[in-house]
Amino acid sequence: MFEKLYKSSGLIFPALATIAALAVSGSLDAYLAFVATSWIIFGLLGLSLDVIWGRGGLLSLAQTAFYGLGGYFGAVVAINMAPTYGMSLVWALPCSALFGALIAAALGYVIFYARMGALQSTILSYTLTLLLWSVTQTFKLDVGAATIGGDNGLSGIPGFVLGFGEEAKKLKPNAAFALVVCISAAVYFVTYWLMRSNFGKIVDCIRIDIQKTELLGYDIRKVQVLNFAYSGAVAGIAGALFALWANYLNPSIFSVQEALLVPIYVLVGGLGTLAGPFLGALIIGGLSFWLGGGAAGGQTTLILGTVLILLVLFLQNGVLGALGSLWRRFMPDPNNAARLTGAVQIDTEVLEDILVEAEKTAGPAKNLSTDEAFKRFGGVIPVNKVSRDFTPGEPHSLIGPNGAGKSSFLKTCVGLYRPEGGTISLGDEDITKAPVFARVRSGMGMKNQKPQVFGEKTVRENLWIAAYARTKDSAKSDAISAQILGMLGLGAQSGVQASALSHGQQQWLDIGMVLCLAPRVVLLDEPAAGMTNEETRELSVLVRTLAKHTTVVVVEHDMEFVRTLEGHVTVLHQGKLFAEGDIKTLRANDAVLDIYLGRGEHV
Amino acid sequence: MFKVSGATGGYGKTTIIRDVSLEVQPAEIVALLGRNGVGKSTLMRFATGLVKAQAGTVEIAGVAAPPAPSKRAKMGLGYVPQGRFVFPRMTVIENISVAAASNGFDAKQVVAELFEDFPLLVPKAHDLAGGLSGGQQQVLALARALAIRPKILLLDEPTEGVQPSIIDEMAGVLKRVNQEREIAILVAEQNLDFCLSIAERAYVMEKGAIRMETDRDSLLADKVLQQELLGV
Amino acid sequence: MEPDFLATVLLSSLSSASILLIATLGLAVVYGLMGVINLAHGEFLMVGAYSALTATQIGLPFLLAIPFAVFMTMLIGAVVELLIIRRLYGRIFDTMLATWGLGMVFNQTAVLLFGTVSPGIGMPQWNFRIGDFSLAVYPLTMIVVAALLLAFVYVLMTKTVYGMKARASIQEPQMAQAIGIDSARVNTLTFAIGCGLAGFAGAILLPIIPATPSMGLFFAVKGFLTVVVAGPVALTGTALTALGLGGGASVTASFMTSVIGDVFFFFVTALLLWLYPLGISSKWRRKL
């Protein structure tokens, strides 16, 4: 009961708050109702940031830009339409939402398709706001009845008009308050649903580990742009409500101070909580109101600045975050099960079944070939014209001294590095220029050196999200993840957060995620690192079984492990192919001993 | 010479090592063996002061060590961490110089000396350390630790992710500095061959405590123990 | 186009770019060496300006007022590092937000202490003629000041033991301690030096830009765009970016309006970030 309430707290408490707000809306003092309306609007603006920052992982300082532009656009439409047809909301809201979404999508396209760094993305979003601020000061334009007058602003915006026709009157403050509460609640619940949907799950994964998400075959750029566009739409709606509430807009909406307030609302309430920004706006708004200065009051800035510093230092998760962790203390820790794990045992029969099943849906194994593949970083050439065919049947091991370019070679194959020359093909397909996710969809699966798991998600969710990347079907993903879960012996840990697992278990989970993709070519970068000897033996069984059905390339330092694979071994040195054969032949090869295996003079 | 007594510590509220005591004699090489996760790294970091002591003391050359890691370094405690942690955006020379200069030694002279020990680093002298390969970084981390002219050197998994030929070379250098400069060495390892080739004595750790002390010959002879403790 | 006019435009643009560089160097040091974006940098500049102004008002000559301003800002910077920044290393967005808040506090405090307008300082205005055009000398000397300051900071950070310790402390704080560096103290000093450079800028620019509580905003915004576009090789990158962006904006502004100059600045910033998503120096193999 207690736990159920916790799990649905994002629905129940906001619903209660909405009902309470509607209940008191009639009896509020008209001025207070008027001011409180703005707090709700700011909360909605904060929600738009929480979607892209708390969930999407990008601290966008352009939310006030979408808000302001959406507001201006909606207001211009409303000014022209509402006097004749009434219903200012019907005109303003969709237009603002659409305009906000469009601008956000355009900015998001630049940020995400250029694959900008986090700091650069934040700065670019801030640049947009600053650009708008300087441009709008002198921007003058007449659109029908509306006059955008530079720093004189845009006046004559109709209030909240609900009825149709010329006679329709604008709502009184208390009714307007109730209306804004209803609209905001509706937007909140839609957002809540969206963030819990499969789309939301992918957004979460991108925030936690963007590279891993792409290695599962998700087109991360598209998801990020869509999420940003949604956040822009929410900001636009908030902008329209603000325009109708204030009846006036001017360029100060794009000012630095405005832009700053939005992250404060989110931080006060709790980053990533969705409901938090409303609470934050209420607290900050209420505080300013109570201090008597309103937003323009002198000391407010001083207090806000101090609040921001204290929040960052002492209350990282905001009010709701702090309450949430307090609540969790009284519930059993789901991660307790992490300590009860037994040893992993690969049942070859089960694994065979999985692989045969995968072959039916994903097609036969494919060859991986590189032809003169070439990659350089400044003066270092980690991959120097490597031509090699990898075929199914037996495992292929890549060995070589540190810095020989083994990992770089795998990264070039999967597309994490873009080669400067040569071609890479998967089956008959030339994938040299394809982005990572496209290669994964064509059948490549890669596990990096460090285990990459989504730490905040449970073990089952990790596998599920991998299976969903391929099947795009919830029921099938349930079945596949359950199957792999059983094989890894992690059944009892399905509800444990992946970050609570040991290093070795995370390696297994990561390998399990790759298996969920049913890859036709598997690339494993030092999979045995951090595993115990028993686990390494099981891994060897897994790799050998896997190689019967798919093409497998393993980079490994552990010679004992390479020996047990009984496969084909390729030695790389200074980015080039150096020698190949089975491990016995190589051990007898003087040149290989010189560069790599050592002669054992001291050891 | 170097003594850890009753070491108890960990991260946050979690205690990882409990009441661990060990000793290294002057110019002795001692191995610290044990599987993954038994607390070898934590013990090393405890000795450097990077892990706060919940209880226990560290003694360097007969003097009780103060808690600050920087002061322990000045008393002659050299440390090569697991994962190398060289300063990535500084050149090889700077990595060594900053260690020497921070302890009042002539940086130029120290760099020249160490380049003789590690000819591998000479062609890379002006490269940024972050661009070196794993094995080269490991050698640099060792050179940096030697630059403070230590009396006792702590090595944490120096062979991890390093190619066999460099491991061989490192073993040679360690034996040499141990004999010529009388530096005592404590090395934590999973690579039994490497340890047995340089160390005469070993402590075996299990579940955050020292389970036994042994010497090279008995460990070599006792295959059952090897199997059980190290999973060899 | 007349050559005289062209020479005038070029000289004054070079001097604008130099002014931007002077105002930005402290930010570049703090970002490049410590990985901290100090959004209160502009306010430190303002503190420097008011310190110098106050010093001249009580009778100190301007040349002595500058070191006083540097001392004041370094002191405040050290306190800020001890109380706030030190707890936030490695959390770049949290430091951004905290220093943003700090900037607001400084700004408001300055309004309370000094009001929103303040007197300029009386400095003789020498002029310099090119044909029909007249240029003020003081802004032109900023070209030399910028070059000297850049050289000073570069040498300090790359050639001295302190510089090596400062870089080591922030790149691998724990290892820096383990080889005998008191990295906490070194970090405090580095942050204080960054703030001191802002104070220096505020003071030396006082004859050109009068002290007001919000004077820092303009420089801080342009300054950190410059630094972020510059990328990881902070000093060299920042010098180039300041020259290109600041100079370009100033040339644009001389031929058109100052708003278009600003638009140029922001637009080119966006363009450079699109072309170099991790900053223009992300692939350079240099130290600073």
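Lettered A, B and C in written order, each chain numbered from 1.
We adopt the following convention: contacts are C-beta pairs under 8 Å (C-beta built on N, C-alpha and C of every residue); 3 or more make two chains touch, one makes a residue touch a chain.
Note that the coordinates shown come from a computational prediction; the quantities given were computed from them, not determined experimentally.
Q: Could you compare the number of C-beta pairs in contact for A-C with that for A-B and name the larger?
A: A-C
Q: Looking at mean CA positions, which chain is nearest the middle of everything shown?
A: Centroid comparison flags A as closest.
Q: Starting from the mean Cα coordinates of chain B and chain C, work out the distance between those two points in Å.
A: Roughly 43 Å, centre to centre.
Q: What is the distance, in whole Å, between the centres of chain A and chain C, each centre taken as the mean of its C-alpha atoms?
A: 34
Q: I'd like to verify one number: the distance from the centre of chain A to the centre of chain B, where each centre is the average of its C-alpha atoms, in whole angstrom.
A: 40
Q: Pull out every residue in chain B that's touching 2 or more other chains.
A: 131
Q: Any chance you could list the residues of chain C touching two or more other chains?
A: Residue numbers touching two or more other chains: 285.
Q: Which chain A residues sit where two or more other chains touch them?
A: none
Q: Which chain A residues qualify as touching chain B in the complex?
A: Residues in contact with chain B: 380, 400-403, 502-504, 526, 529-530, 532-534, 557, 559, 594-603.
Q: Show me the residue ranges of chain B that touch chain C in the complex, using the header's touch definition.
A: Touch residues, chain B against chain C: 48-50, 68-70, 73-74, 79, 81, 85-91, 94, 97-99, 101-103, 107, 128, 131, 144-145, 147-148.
Q: If we count contacts the way the header does, which residues on chain C are in touch with chain A in the complex?
A: 37, 84, 87-88, 92-94, 96-98, 100-105, 107-109, 111-112, 217, 221, 224-225, 228, 259, 262-263, 266-267, 269-270, 273-274, 277-279, 283, 285
Q: Chain A touches which residues of chain B in the complex?
A: Residue positions touching the partner: 35-37, 131-136, 161-169, 171-172, 175, 193-194, 197-198, 231-232.
Q: Show which residues of chain A lie in contact with chain C when the two form their complex.
A: It comes out as residues 59, 110, 114-120, 122-124, 127-128, 130-131, 134-135, 137-138, 256, 260, 263, 267, 298-299, 301-302, 304-309, 312-313, 316, 377-379.
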